[in-house]
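Each in structure tokens, the structures are laid out below.
Both of the next two complexes hold subunit A, though its partner changes from subunit B to subunit C.
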Partner chain A sequence: MENTKSVNTKKIGDFLLNYSLYILLGLMILIVISINPKFLSISNFMKILTQASTRGILALGAAGMIVLAGTDLSAGRILGCCAALTASLVQSVTYASRMYPGITSDLPVFVPLLASIVIAVAFCMLNGFGVSKLHLHAFIVSLGTQLIAFGCTCIYIDSQKGGAQALSSFNQTFLNVVNGGFQFGSFTLPYLIVYFLISAMFMWVVWNKTPLGKNMFAIGGNTEAAAVSGVNITKNIMGIYIMAGVLYGIAAFLEAGRIQSVNTGTGLNYDLDAISGCVIGGVSFSGGVGTVPGIVIGVVILQTINFSLSFLSVNPYLQYIIKGLIIILAVSIDVRKYLSKK
Partner chain B sequence: MGSSYEVAIPAADSSAAGTGGAVVLEMIDIDKQFPGVKALDHVRLVLKKGSVHSLMGENGAGKSTLMKCLFGVYREDAGEICIEGRPVRFDNPRQALDNGVAMVHQELNQVLRRSVMENVWLGRFPQKAGLISHKKMYEETKKIFDELGIQVDPNTVIGKLSVSQRQMVEIAKTVSYNARILVLDEPTSSLTNEEVGHLFRIINKLRDRGVGIIYISHKMEEILRISDEVTIMRDGQWVATRNADGLTNDEIIKLMVGRDLKHQFPENTNMPGEVLLEVKNLTGKYAPTCTDVSFSLRRGEILGVAGLVGSRRTEMMETIFGVAHRDSGEIFLAGKKVENKGSEKAIKNGFALLTEERRATGIFPLQGVMFNTVLANLRAYIKRGLLSDKKMRSDTARMIENMSVKTPSQKTHIRYLSGGNQQKVIIGRWLLTEPEVLLLDEPTRGIDVGAKFEIYQLIIQLAGRGKGIIMVSSEMPELIGICDRILVMSNGRVAGILDLRENRYENVQEEIMRLAAKYV
Partner chain C sequence: MADSKERAENQAIPAVSDETVEKRRLRDNMYDMITISVRAMDRIIIVLIVLIAIILAIGIIESKQNDLIKDAGQLSKIATADGKLATRVDRDSVIEYL
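Our next item is the complex of A and B:
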């Protein structure tokens, strides 16, 4: 009897461990509801997911770097830079102090999107080059890139005729593409959530169904073994960074439309949110471990914390402390999975 | 232990000498169950004071699990552990150490950039008025080193020492903890013969002082030389405990595998065909490397590569495969010149390299068996731009079947498999790339007797299918047992090539030894 009992408790323990993320998320929601039942509404959940969308796409990009046993501190500033670029290209043609008075009719939306992606990819390739060719740690390279991207953003925004002012007043087509939604009766499914889900599905395919994804796990898990097994380390690292660039570019494009005004501060600390989302979602900083659903859940958990703390009108300074504690708690539970068991 | 850092080396106890001494450790009827496996089943081990007790068994027989139960890394499901008659249960290795039970691991855990003495006293530095007293630390360390006959300056940075010296420091550390029970796990796996001699002198000194020593090793000659008693385990069960006197190699093997190994090596009856690989004047670019290496390899031939540690055999293999830079020389495959620039190219050209360090450069520990199997061959599984899980699964299933890999599933992380099964998976990974030339660097290192035999069979089979095989090994018997020819390297050069087809056994070992020392 005692034996079966201990087997059962062990099974329950394993279950709790394996689904700790989901349990944590459920628990958080329950706690918030018990404090304020009004929290439980479709519109609140849609708000959370919408807010999570751009950072989620950013996190999906940064996650690759973490799986490669690196990190990316520059994601937020790259997003800022590309958001500024996007913003300058989608300003309404009726807005007198727009950045490019020469643009007299709305550009097709794919132009700013493409521009944003190209610049983001360029920054990421700089990071990738530093990691794969110069053999620098991703922390160091991206620290440098972060400053470069920030400098570029400031110069760009400052180059407006009227001096450094926030880029705003976007054309309606662009705003519709970003902030619109599918209507189902009275329920609206925001496009942003759809974009996030499509990006996640796309990354799931890349991670699980392509050699690039498998090679990424191999390099992150054991670089030496990957090198001997015919994995082209440089090429694959570059591939992952370029992939991240594409996602950063998309995230920047969407973020510009979501916040509707871009200044030099846009993107500040987004990288840290992206990294927190990844690690909460079970991406290991020692490399070689991580899943796309985990990242999605991680980002959503983080956003749920943000949202519900403001929803409950918690003191904003206290919010930081609570957020910090929850991140540490979530990751320390997740790490248990990989510790050797007694 | 607190601040008590006084060294008290156990005094020599004449009553404990020999095998008639008092019992210091008893592990009785230890059971340990893992999901799906009974890892330990009523295992017993009785260690006497002042004796060396060898623990033998194939990998997976349960030796490490038993030791982990002793040190509190695992908790046994049933059974009793008594030290000097008192039942004990440690929560972790640190607690065991504080109670005089110490282990020197095969892979040494040391802070390489710090000094020898700091490593010895780590965590309990001798203090004076709240500050660390380096003088005292030096003296205490020196005292132990002198008593054990270790000639190492306690101030040296430990990373500069040889593996053998670092191991001795580790043993000295256990003495500083006043250990009464010392476990040595594969202590000689990377030592030269001379170093083994030195290690044995230290072990003998500890034995004379009444320390009970558990000695884990695969090397039978050594075990018979150093042990008082031998306990043999098989499949998680205790098989026998014998006096080492009068025990023979064959008897041990028989007890370990549970069957008579009529021949330690399968017979190689392959008839090598035409020349497959020609290596001409190969010299690596960055020292230490191989110099002016030339040889040829036929289809169906197994070419052994022998040499001392540091004879650059691995470097030669890596230069052929192209993961180490080549300075000059040419490689011809079936008459055509090939340029192996990096592993990707080498694989395409039909080469495969099984690396020497399985854990460091072979396996992806946090990935499943399937991932580890298909990684070098991903190109073959792309279907309409995406990887086909179905094909990867069926190839993995075939590999598991053909190589008789023991694994609960394809998804099981490879780190949970035994060394032999890991090695089979990696060989399987290479076979999927359909290589012509297999470069095998120490293919049986750290693998138990039974799995070794299977690997030999596999190598011979592969040669039989017309592959060319180059096999580096530090175990002369296995080279002599299965190779067609043996290339002996000395200081990066080819010292000679012996043909074994005419003469397999007579004076071959002596000849290899002579050649290995040629350019040293």
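Our next item is the complex of A and C:
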């Protein structure tokens, strides 16, 4: 009898430990709703999902590196650099101050998308090479790449004839591809949300149904054991970084269209949002642990908190503190889970 | 002959439980550097939750006060509409008044 009781208590304890962050953040959202019931509307929910979409795609890329027991501090700046490139290629031909006056007709949309992906993959391969071949810590390599990407963005934006002005005035085709939506009567489902969901589904397949995904968890859990088991560490780490590069490139392309004006500040702190989303979603910094649905939920929860705090007009400085504490809380809960397993 | 030799070698390997495998997997992990106890970690988590709640409460109260000040500012503008417009409202006095 006592045994059954203790098993039940343990089960409840485990449940609370595993879902404590979701419960707490859910409570926080409930408090916001009770203070201002207007928060609970479909249009607000769509705004949150739209804002979360590009950061979500970024997070799906960065999550692979966290599962490998590393991190990526360069994601935001790589996004900024690729967004600047995208923006320069999709400027309207009727805009007099466009970066490339030689382009006299709108480029097909896949051209800037491919350019963005190629640049993002190049930066990520640099990270991957540093981690897999030179055995440097991902933190240091990505810090270096972050600065390189930021420098490249500044030089590129500054190279305009008119000086360092924001890249804006995009062609309508590009804007329609990014900011359009499926119409269901009076309800519009933004394409951005659909792109995010497709990316998440694709990553779920990669993580769960391909050798690359299985090897990623093996390497993240114990690199030496994976190597002894015959996993090619270098090849798989490079594969994960290239995959992240593709996602960063897509996120940059979409972000340029979403914000419609790209400057040197674009992408600032996006990496931190992506990492926070992953940590809230249960991706462990100890490596080898994480799920795609968890990341999607983590990113959406983080965006909901951002949105709700702004909705309640909470002081932006306090918002930073709250977000910081939530990240520390998420990591603390992760460590607690690890300690109880040991 | 070779088969029986291989079988004998396999039998010599002691059986390893799932729990041991999991513990081995967790070895050499960055979190192993943490020497804190589970109970201490629980306390840290509780402190963090309380801190978040306090700061959230401060933020919400402050935003509510700002809303009230804005409303009071509108009222003072109406009150002085015939002459000079009120450009600044003393925050503390408005809060005290309300």
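Keep this in mind: the second predicted complex is superposed on the first by the 315 of 342 C-alpha atoms of A that agree within 3 Å, B and C clash if a C-alpha of one lies under 4 Å from a C-alpha of the other, contacts with A are read in each partner's own complex, and residues count from 1 in each chain.
Note that in this section contacts are C-beta pairs under 8 Å (C-beta built on N, C-alpha and C of every residue); 3 or more make two chains touch, one makes a residue touch a chain.
Bear in mind that the values here come from a model prediction, so they are computed numbers and not experimental data.
Of the two partner chains placed by superposition, only subunit B is touched by A:V289; subunit C is not. In the superposition on chain A, A:I198 makes contact with neither subunit B nor subunit C. Within the superposed three-chain model, A:Y338 lies in touch with subunit B and with subunit C [touch as defined at top]. Of the two partner chains placed by superposition, only subunit B is touched by A:T210; subunit C is not.
Of the two partner chains placed by the overlay, subunit B and subunit C both lie in contact with A:A225.
When subunit A is checked against subunit B and against subunit C, the one touching more of its residues turns out to be C. Of the two partner chains placed by the overlay, only subunit C lies in contact with A:I31; subunit B stays clear of it. The interface of subunit A with subunit B overlaps its interface with subunit C at residues 221-222, 224-225, 288, 338, 342.
On subunit A, the positions that touch subunit B within their shared complex are 205, 208-211, 214-215, 217-218, 221-222, 224-232, 288-289, 338, 342. Contact residues of subunit B toward subunit A in the complex are 73-75, 321, 323, 342-344, 346-347, 353, 355, 360-367, 371, 374-376, 378-379, 382, 385-387, 389, 429, 433.
Of all the residues in subunit A, the ones that touch subunit C in their complex are 20, 24, 28, 31, 35, 69, 221-222, 224-225, 285-288, 309, 312-315, 318-319, 321-322, 325-326, 328-329, 332-333, 335-336, 338-342. Those residues of subunit C that touch subunit A in the complex are listed here as 22-31, 34, 36-38, 41-42, 44-45, 48-49, 51-52, 55-56, 58-60, 62-63, 66-67.
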